[in-house]
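These notes concern the structure reproduced below.
Every chain is named by a letter (A, B and C) in the order it is written, and numbering of its residues begins at 1.
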Amino acid sequence: MRNINKFYYGNQVLKDVTITLDEGEILGLVGENGAGKSTLMNILFGMPVIHSTGGFGGEIVFKGERVNIDSPMKAMELGIGMVHQEFMLLPGFTVTENIKLNREITKPNFLSMVFGKRLELLDMEPMREEARKALDTIGMHSIDEMHLVAGLPVAHKQFVEIAREIDKRSLKLLVLDEPTAVLTESEAEILLNVVRLLSQKGISIIFISHRLHEVLEVAHKIVILRDGAVVGEGPKEKFTLFEIAEKMVGRKVENLELPPRKVPLDENKIIMSIKDLHVHMPGEEVKGFSIDIREGEILGIGGLAGQGKLGVANGIFGMYPATGKVTYMGKEYQLNSPLFALKNGIVYVSEDRRGVGLLLDESVEMNIVATAIQAFGMFTKRFLGFTIYDRKAIREHALRMIKELDIRCKGPAQPVRRLSGGNQQKVCLARAFTLNPKVLFVSEPTRGIDVGAKKLVLDYLVKLNREHGITIVLTSSELAELKSICDRIAIVCEGKLAAVLPPTASDVEFGLAMAGELEEVKAHG
Amino acid sequence: MQKRMSLKDILIANAVPITFFILTFLAVLVAKIPILFLLSEIVRRLSRNTFLVLALIIPVVAGLGLNFAIVLGAMAAQAALFFVVDWGITGLSGILLAIVISSVISIFLGWIAGKTLNRAKGREMITSMILGFFANGVYQLIFLFFVGSLIPFKKTDFLLPQGVGLRNTVDLFGIVDGALNDLLTLNIGFITIYIVPLIFVVGLCVFLTFLLKTKLGQDFKAVGQDMHIARTAGIDVDKTRIIAVILSTVFASIGQVIYLQDIGTINTYNSHEQIGLFSIAALLVGGASVKKANIWNAILGVILFHALFVVAPSAGNRLFGQPQIGEFFREFIAYAVIAFALAMHGWRSRKGK
Amino acid sequence: MVNFGSLREAIKRIDIPTLIIVFFLIGLFILAAATKVSVTTLLSDSIVRIGMNGVLVLAMLPTIRAGIGPNFGLPVGIIGGLLGGLIVMQYQVAGPIGFWIAVGISIVINFVLGWIYAWLLDKVRGQEMMVETYVGYSIVAFMSIMWLVLPFTNPEMIWAIGGKGLRYTLTLQNYFDKALNNFLRFQIGKNFSFPTGLVLFFAGSCYLVWLFFKTRPGLAIDLTGQNELYAISSGVNPKKARRNAVILSTVIAGVGILVYAQSYGFLQLYQAPLFMTFPAVASILIGGASIRRATITNVVLGTILFQTLLTVSLPVLSQVTRGDITEVLRLIVSNGMILYALTRTPKEAS
């Protein structure tokens, strides 16, 4: 693939990405969520979502020829196979039927000769045999090819997916997207062996994974994506684990001059104490996170994608089911209740701006005040015995917030959908501030917005902290951002707290902490 | 991982047919209808109604849920029969001609229905229901106002007094009434079995079994489980669904022809309306759900449902002194069975999330 | 000054079916004037029909805004309303006061019915429209049995022969027939009679509902329908919000059928409740609502268009063909409209 450019919603998601792959080579593709890996693979596989959002720039050269891959079928014809992150298996079918999906072996009969090939009868015997062969090739002798997929353990499903791809005789390039995400250590070992086996047979493989040590084990060459651009590539011998981790997250930081505090931080004044927090947020599971949040600080929460950092704030605020022991201002804190959180001054700005943070078809002003009206009854007046919302008060407040945050819009009545990403985020912050927070949890506040707006958002957070004494917990996958305004940075790995580092700690330390290796290195000196 | 289902699981999975069986059994006891009469009625309805119920199976397998739009097929059948009546073609040739004409119309109607349902993915059932009502409106427009005026109709005694619009009942006696039934009958004691319609039913059963073992059948099943996965595998989801609807509509139209030749009269403005409701209810009573249906559901369903149908008025009379209650009860049961199946479907889908 | 730019934008946003209906209507009026049908009578009749059907259409609003779609289970609320009317008749409460008592009773009954109904709908989240329809049918069929069995004794209500069971339609002549219509009614000329009470009631109901959606519980319903996650993050309990929407819809439906009945002059039992649902759904859609979004304007506009269409088409078209073409027209228009709304992609719908 050469010079791939891809735009999404006006944001450039992939910038001049070029990767090359030889026959039988295993390429490890690493990068944060949002770095562009999935998009790149969707382009390669001709997924419809690419074409319905404007296509892409650049070219794909396959076996020396330029190709135009505009559908999964086309990709399959060329010999490209993909094992997606979400299972593409039909639960009501057997293993064999899934392996042979839309490539079934059939026998002609009288009706099919009249009405067409689709009326040919399925020939189960040869299908079974071929499925069996595919399964055996990857060493999965224990999987019964006539078993329904619905009852299979997760690891087996993963291997069935791989069997399906290698059953395609013309397979030349196989993409594996997070294949070990659901596997145990030993199962992952088996999978890595399968990968090596396939590469020996001449099949090229693109291996995408967050488990960096696996990538280093099995890949021949490594490509690191960050913010849609290639920031590192080369044979695997060139990289160490922490070099990879560092490249994934490290960025040049301008040291911001942060205004001083009126009252210096006291590490004994704890506003919220979290012990053994477990949050069931699919993709960002928290498995026993503990930390003490100091009053008045800006605490950063960082870590690699899928390791759980986003789950912490979501769990505290009650958006996802959580358990654990949390105390707030000395008293017991009730989890799983957004209303409780709001009423106690805990406000949450979600990482999912469009999905959770905004009412896209409502006006700017309503977006700012709706939660305040609903949770606290602010901006209301009495009328004919009802308590209804007060248009005038809302308008006044909205105008004030628009001015304070410099929200670029045609007016408070404009639907929020029309605003740019940066301005939408400002609306979210305005909404948060309207709720008079004592502790503000913000997740990925600058994702997908332009540089100018980024600075404004971060400056505003600092202002809230310094001028209003609001404790801020900032969750972000951009380490530079965390380093620029946080007093301390907690790193989450495998759902637990891996380390708490000062912003001045080196990128190496951060990289290791994120990869879960910090203790090891420290232990080994 | 359990392979054997406990008794409790079996009871819950088949709650509807079991409950219905008990209900019908009780009703039969109460009604005190002679068993032979009941048996002969059931045999007759098996040959008369089963084809229509079988027509519902493919859309369920293909993930379109209960096809309330089989009404379109029924309307096509009636339109075809009206023409046969007008052209005065009687007997077996009349029936065969009707089947051919109605099938052609049904292919077209099924295609439209399929395209409409593709635009309403996720809302197929309510859309097919409303489509049925809409088509009914168009049907009435044609047969109440266009026939006799824009569309010439020779047999004017079938028209309304003003000369425009078909009469409320069109008698098939002497034209195609019993044309299939009378070809071959078998008498066992007091029970008369009409062989030819039964041959049609068996034929469709065989064809459906065959179809589901073909590539097309496999595609239906795949699309019915998950459209996204099927599409990624390269199956043309939209086209497959349209084929499913077309097949269903064509079978429904043939089924309606069989039904009407047995009944002997066409209620021009009513015969097709109830057909959707009762066929779907019967299929559900036989143990089918919104996502799963097979031939045995259809057969069992027709037996149980129509058994209740036959005895309900008498049971109502004996229990309450009003046969009308029995009739309302029949309707209530039909609607309630469907409401229950839909509720179960909604409940299960919600749990799955 | 008329801003043509925004006018053009406004017209672009109107649905095609709505535009078709508007043009059809204009055509009918022109035809009416040309064929000497009294336009003033048409207007007068239209206003009556608008007022009489409007509240039922209003009942669609809460459930759409809550994200459940139009309330296809309107018969549930209608039956509550009918029960209110029947009780008033049974105890022989004559005169307009009977109307208000019936409304009061129906509100109480529908609170309970609505609660149960909401519980059921919550269990089938995602399939509400289908379940509602068939629950509605089942209840109507069940109540048909009940109408035969319940112990009503007022001889005006039960069958003359046999003496058991309620009749299909019950006349309200001695009760609250035209209670609203006649309130402050005034006449202009020979053909135009304005049913002030009816129009005031419809307008008042709309106003109350509009006001409700400005309160916190109303806002909670809106938030739930627009973005459930946003609602949760604002402390809303979406289950409760949806329940409130369903109860509100059911209560309004009960009031709506009583308004309809007093204007029509009859209480219609047995199969009749089924025939009120689809026209109401179609009306709000014709007024510009979608399955997910609706405003009071949609209610008023839609009722005006649909009812005027039905009123005007009968006398005008019966000059060309038989009168029962209105029935067919009603079927085609109302179902066609609902079909259109169901087959729009989500992008088009907002």
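Methods note: a contact is a pair of C-beta atoms (placed from the backbone, for glycine too) under 8 Å apart; a residue touches a chain by one contact, two chains touch by 3 or more.
Computed from a prediction, not measured in an experiment: that's the story for all the values here.
Relative to chain C, the chain whose mean Cα position lies farthest away is A. In terms of C-beta pairs in contact, the better-connected of the chain pairs A-C and B-C is B-C. Chain geometry summary: the mean Cα position of chain A and that of chain C are 47 Å apart. With centres defined as mean CA coordinates, chain C is found 32 Å away from chain B. Across the assembly, chain A contributes no residue that touches 2 or more other chains. For chain C, residues touching at least two other chains: there are none.
Residues 47-48, 71-73, 76, 88-93, 97, 101-102, 104, 106, 111-112, 117-122, 151 of chain A touch chain B in their complex.
Those residues of chain C lying in contact with chain A across their complex are 211-212, 214-216, 219-220, 223, 226-227, 229-230, 232-236, 293, 350.
Within the complex, the chain B residues that touch chain A are 1, 210-211, 213-219, 221-222, 225-226, 229-235. Taken together, the chain B residues at the contact with chain C in this complex read 116, 119-120, 123, 125-127, 129-131, 133-134, 136-138, 140-141, 144-145, 162, 164-165, 320, 322, 324-325, 328-329, 331-332, 335-336, 338-339, 342-343, 345-347, 349-350. Chain C meets chain B in the complex at residues 72, 120, 123-131, 133-135, 137-138, 141-142, 144-145, 148-149, 164-165, 278, 321-322, 324-325, 327-328, 331-332, 335-336, 338-339, 342-345.
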